[in-house]
Amino acid sequence: MPDASRPMPGAASLLPLEISSLRYDVGEDRLIDNISLTIDSSGISVIMGANGAGKSLLLRLIHGLLRPSGGDVRWNGSALNLATRQRQALVFQKPVLMRRSVAANIDFVLKSRDGQDRQRRDQLLQEAGLYRQRQQPARLLSGGEQQKLALARALATEPEVLLLDEPCASIDSASTLQIENLLRQTRERGVKIILVTHDIGQARRLADDVVFIHAGRLREYQPAATFFDSPKSDEAGAYLQGRIVI
Amino acid sequence: MQDFSNAFGLAASLIFSADADLIEIIALSLRVSVSAVVLAALIGFPLGALTAVAHFPGRQTLTVTLNALMGLPPVVVGLLVYMALSRAGPLGWMGLLYSPTAMIIAQTILVAPIIAALSRQVIEDIHKEYDEQFRSLCIPAHRVMTALIWDSRYSLLTVMLAGFGRAIAEVGAVIIVGGNIDHLTRVMTTAIALETSKGDLALALALGFVLLILALSVNAAVYSLRASARRLSYA
Amino acid sequence: MKSRTRLAALLTLLSLFGDSHAVADSIIVQSTTSTANSGLYDYLLPLFKKDTGITVNVVAVGTGQAIKNARNCDGDVLLVHAKSAEQKFVVDGYGVSRHDLMYNDFVFVGPPTDSARIAGGRSAIDALSKISTHKARFASRGDNSGTHKKEMALWKKSAIDPTSASGSWYLETGSGMGATLNAAVGSGAYTMTDRATWISFKNKQDYSIQVEGDSELFNQYGIIMVNPEKCGQVNQAAARQFVDWMLSAKGQDAIAAYRLNGQQLFFPNAN
């Protein structure tokens, strides 16, 4: 449920996300090939594609963790800088938790932003269903719990844009369900979400629109209903039918 | 050799009789070396974190220098500190030569490069793991360094142990700046050197055994601490 | 000046860990090792402290090192055994004045095999000649100490330059008397030592005194107060009290009274 006592972070201020002629090369290989794309919608945008399509790379380029070989990324007209980056948070496929307690992992982020706030921390842990485990060492949590903690930590930064890289790739279905619910709640609060997944089911459950990439190229960008009913590209069609595309 | 078997018995009787002189010497050894290691850690950890994380001109040079300084001979350190603290030296006015403080300074200089160089390796490893996450969270550099130091604290304890081993075992530096003065600056190693020079090899060796037991207990304590930390996945 | 106060603050902080020795009434004696290792100070200093309340901290190193340290003003009193070096120390202005304090003698010790056949002789020069002719191993301090200086003077008198054989039969340990004795005993070499160190030395094994009683082997100890005009930090009053006490009838009697294994090690001869 939206929390009325907190200001609704308006996604509008960072959007649109404008990606123009984006390239990323490693040696001779062009891993991201001339992608241009503008995302101006609220809700959940899902980046789909087969393994190796360049989804995670694209996400890192969008977030500014990697420097593009060419082209650029602009958030509401401004280039990636500390100010725009601080308003985003990224949840990695494999959570990197600190060698501290569950609560201390959240505290660390809170302290680096608005200052330590015990109430806020407890609220985040409760929302993630981790309040009971708050004193436990974070790295002894199960895979699903660790990912929920990573999500709670990302939300602790109060991002306007939340980026997720295959957050449910290797966790149990109960945790997946909880994470998806958390994402829906987060969407309700007006946070823009960009989710990388190759789980078609998850994409169908969550996506408001879909970016489909193949071999480093943008294949299509469609509202979710359109994409799943009648994909334009052959690759997307094949992917949705579960065929292997090379 | 008869001295060898005598030494065992002597070591045992020294320990069990709680010889007052011996206790004084052990206490001073611990005070000097533990203080030096703590001070060296205060210098070495930030330096290790800096060379592991930060990019600045001269970083390679600093890293290589720290590695090389690990092999600094204790006598050379002793000599340098002696020249600085001697009444004829630049810091002579402080009157610190032949005091435990002088010994702590010398051992700090001896141990700090070891702690810096070894902690750099430890912190580099954990930095590789945390780097992307921290960059994503836009954590400022100084907080990155303190977080890395804190999160590798149990591994750094082992690094301190290496420094402690060097400090407690060295004789070259403390004998020059401390002067091996009875009841003032005599520590285990200088006492061993003294008894050796008096030809009392059995007593010297017995003191050696006591030193070994001391080092073993400190090591055992740290390792058990680290083992329990590892169970919590904090190490 | 500012950085100096900052440094002072830092070092004061350090002192919390390792409090300094700057007790008001204490002095540092830069001393030769024989007087310390033989237990003489353990006997004398409590008596002195009872009389005066002054704590004496002894730094026991070779005579050469002791003089060098005192030249750096790192001591209040110098107690060594190399008369000409001591006189130079005073002439150069580092010492107030030099006083004879006590004496004993040097002896030659060696293994029972005695390959150079020196045992029972009374002449030091003779013994050295035999050792060099037989190329018998001889361990030298080689550290510019009082004993080393005496040994070199004796070689000079016998017109032999042993350093040309350094590393073959002539072994320069570059260490203190105790370490040199350990080296000699361990490698079957002869060596020259002061009698006090020899008597208190515990690793004699089968070694014994083979040459003694030559007047050339006389070993004089001197005592010097470090000059406060050269070294401002000398604890003048306490240093003077110590030197005076050692030279007084009371101090001299105490030196004579000290016995180890029933033997007198030092013979007072202050005038």
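Here the chain labels run A, B and C in written order, and each chain numbers its own residues starting at 1.
Everything that follows uses one rule, which is that a residue touches a chain if its C-beta (ideal position, glycine included) is under 8 Å from a C-beta of that chain, and two chains touch if they have at least 3 such contacts.
Since the model is a prediction, treat every value here as computed from it, not as a measurement.
J.: Pick one for the touching-chains graph, please: line, ring, star, complete, other.
T.: Its topology is that of a line.
J.: Determine, using the mean of C-alpha atoms as each chain's centre, which chain is farthest from chain B.
T.: Greatest centre separation from chain B goes to chain A.
J.: Compute the distance, rounded to whole Å, between the mean C-alpha positions of chain A and chain B.
T.: The separation of the two C-alpha centroids amounts to 47 Å.
J.: What whole-number Å value describes the gap between the mean CA coordinates of chain A and chain C?
T.: 79
J.: Would you kindly tell me how far, in whole Å, the mean C-alpha position of chain C lies from that of chain B?
T.: The mean C-alpha positions of chain B and chain C differ by 33 Å.
J.: So in the complex, which bits of chain B are touching chain A?
T.: The contact residues of chain B facing chain A are 129-130, 132-133, 135-140, 143, 147, 151-152, 232-235.
J.: Can you check the complex and tell me which residues of chain B touch chain C?
T.: Against chain C, chain B makes touches at 31-32, 35, 38-39, 86-89, 91-105, 179-182, 184-185, 194, 196-201.
J.: Of all residues in chain A, which touch chain B in the complex?
T.: Answer in residue numbers: 63, 65, 82, 85-86, 89-90, 92, 96, 98-100, 108-109, 112, 137, 139-140, 157.
J.: For a test of understanding, state which residues of chain C touch chain B in their complex under the given definition.
T.: Answer in residue numbers: 7-8, 11, 14-15, 17-22, 28, 33, 37, 42, 57-60, 69, 71-74, 175-179, 181-182, 185, 200-204, 231, 233.
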